[in-house]
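Take a look at the structure set out below.
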């Protein structure tokens, strides 16, 4: 079987946010065995998996990203859309635009500490659209 | 259904290049609903998704990568294949060797501004081989 | 067809390790055409593809990662689990928690020089659990 869901995430402030529950709220059923592919339709935000417990992990990851990919680098040429825009594009390719998670016995088979992160890299990114494709048997 | 295509990309100069049209030219049909997996068979190049409009995004992403992953670091030991080789390996793992894109109503379901990027990290990388696997119903 | 395997990797020391053979040892058969999805259930380790030949590539990649994502940054707040923990979380999102590899004629269709890397980012990460999902026809 294959099933697909289009989900509009509410606007999040810049930083990393756990969206596992928000995503799964839209998925009525999972196959016994399979893979869930979660894809973000944007180039200034990203999806990744990381720790679902201590909120400081999300904050530290964001702090590191902001230092590694700085705003206002003198060599940036793509600057018309704001100081946060080109760094957001770079961050989106570093983190990736999709995550794929195994499904086992009709459940997502992540580790105990894993959650789905939205990386919102714009100051005012607005709503973000994701496409979830579930396939398996 | 599942279908697979082996595509040889023409040699590209070092930097990021949009290959969406070049890839899709080889894919005669997509299922109604599914996922398209695009895989590069090399460890000194990568695939990622990013903005398909302003060419400056590709240039700035390349500029950032070249500063983040420098050539001739004194601690590099893998140096026999040239100054651009070890940085190319690092960049390939940072960007990733594949992208997976949802298929909806027989079309790639990317966002308006998304395109498939080839990251060519060698000065003379030559042709690059990619394997596209399309699955769905 | 779809098949899934749960594999416990023996404890590895910090750094990058090629696990292609260890993984494939657990996969009795591959479909004629398909994709193999390899997923790690942890947030302080990662999976990536890179060169399977010169061991110096693994060492240099680790050296670069340790310099790019330093321990004991004064702005880290998630510090209770040790100096290597928060860097490990950052590295895991940079490299990614899964790899997807095409299957062609019942074989993994990687490039000649590609291998599956485990990125172990903790000093004492212990055994790591991965879930392999194979699908195709």
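As written, the chains take the letters A, B and C, and residue 1 is the first residue of each chain.
Here is the rule we go by: a residue touches a chain if its C-beta (ideal position, glycine included) is under 8 Å from a C-beta of that chain, and two chains touch if they have at least 3 such contacts.
Bear in mind that the values here come from a model prediction, so they are computed numbers and not experimental data.
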| item | value |
| --- | --- |
| Cα superposition angle of chain A on its copy chain C, in degrees to the nearest 5 | 120 |
| Same or different contact residues where chain B meets its copy chain A, judged by the half mark | different |
| Chain centre separation in whole Å, for chain B relative to chain A (CA means) | 20 |
| Residue numbers of chain A (touch at least two other chains) | 68, 94, 96, 100, 135 |
| Contact set on chain C toward chain B in their complex | 33-35, 48-51, 54, 56-57, 59-61, 63-64, 68, 94-96, 99-102, 104, 109-114, 117, 135-137 |
| Complex contacts: residues of chain A adjacent to chain B | 1-4, 37, 39-43, 68-69, 73, 75-78, 86, 89-90, 92-94, 96-98, 100, 129, 131, 133, 135 |
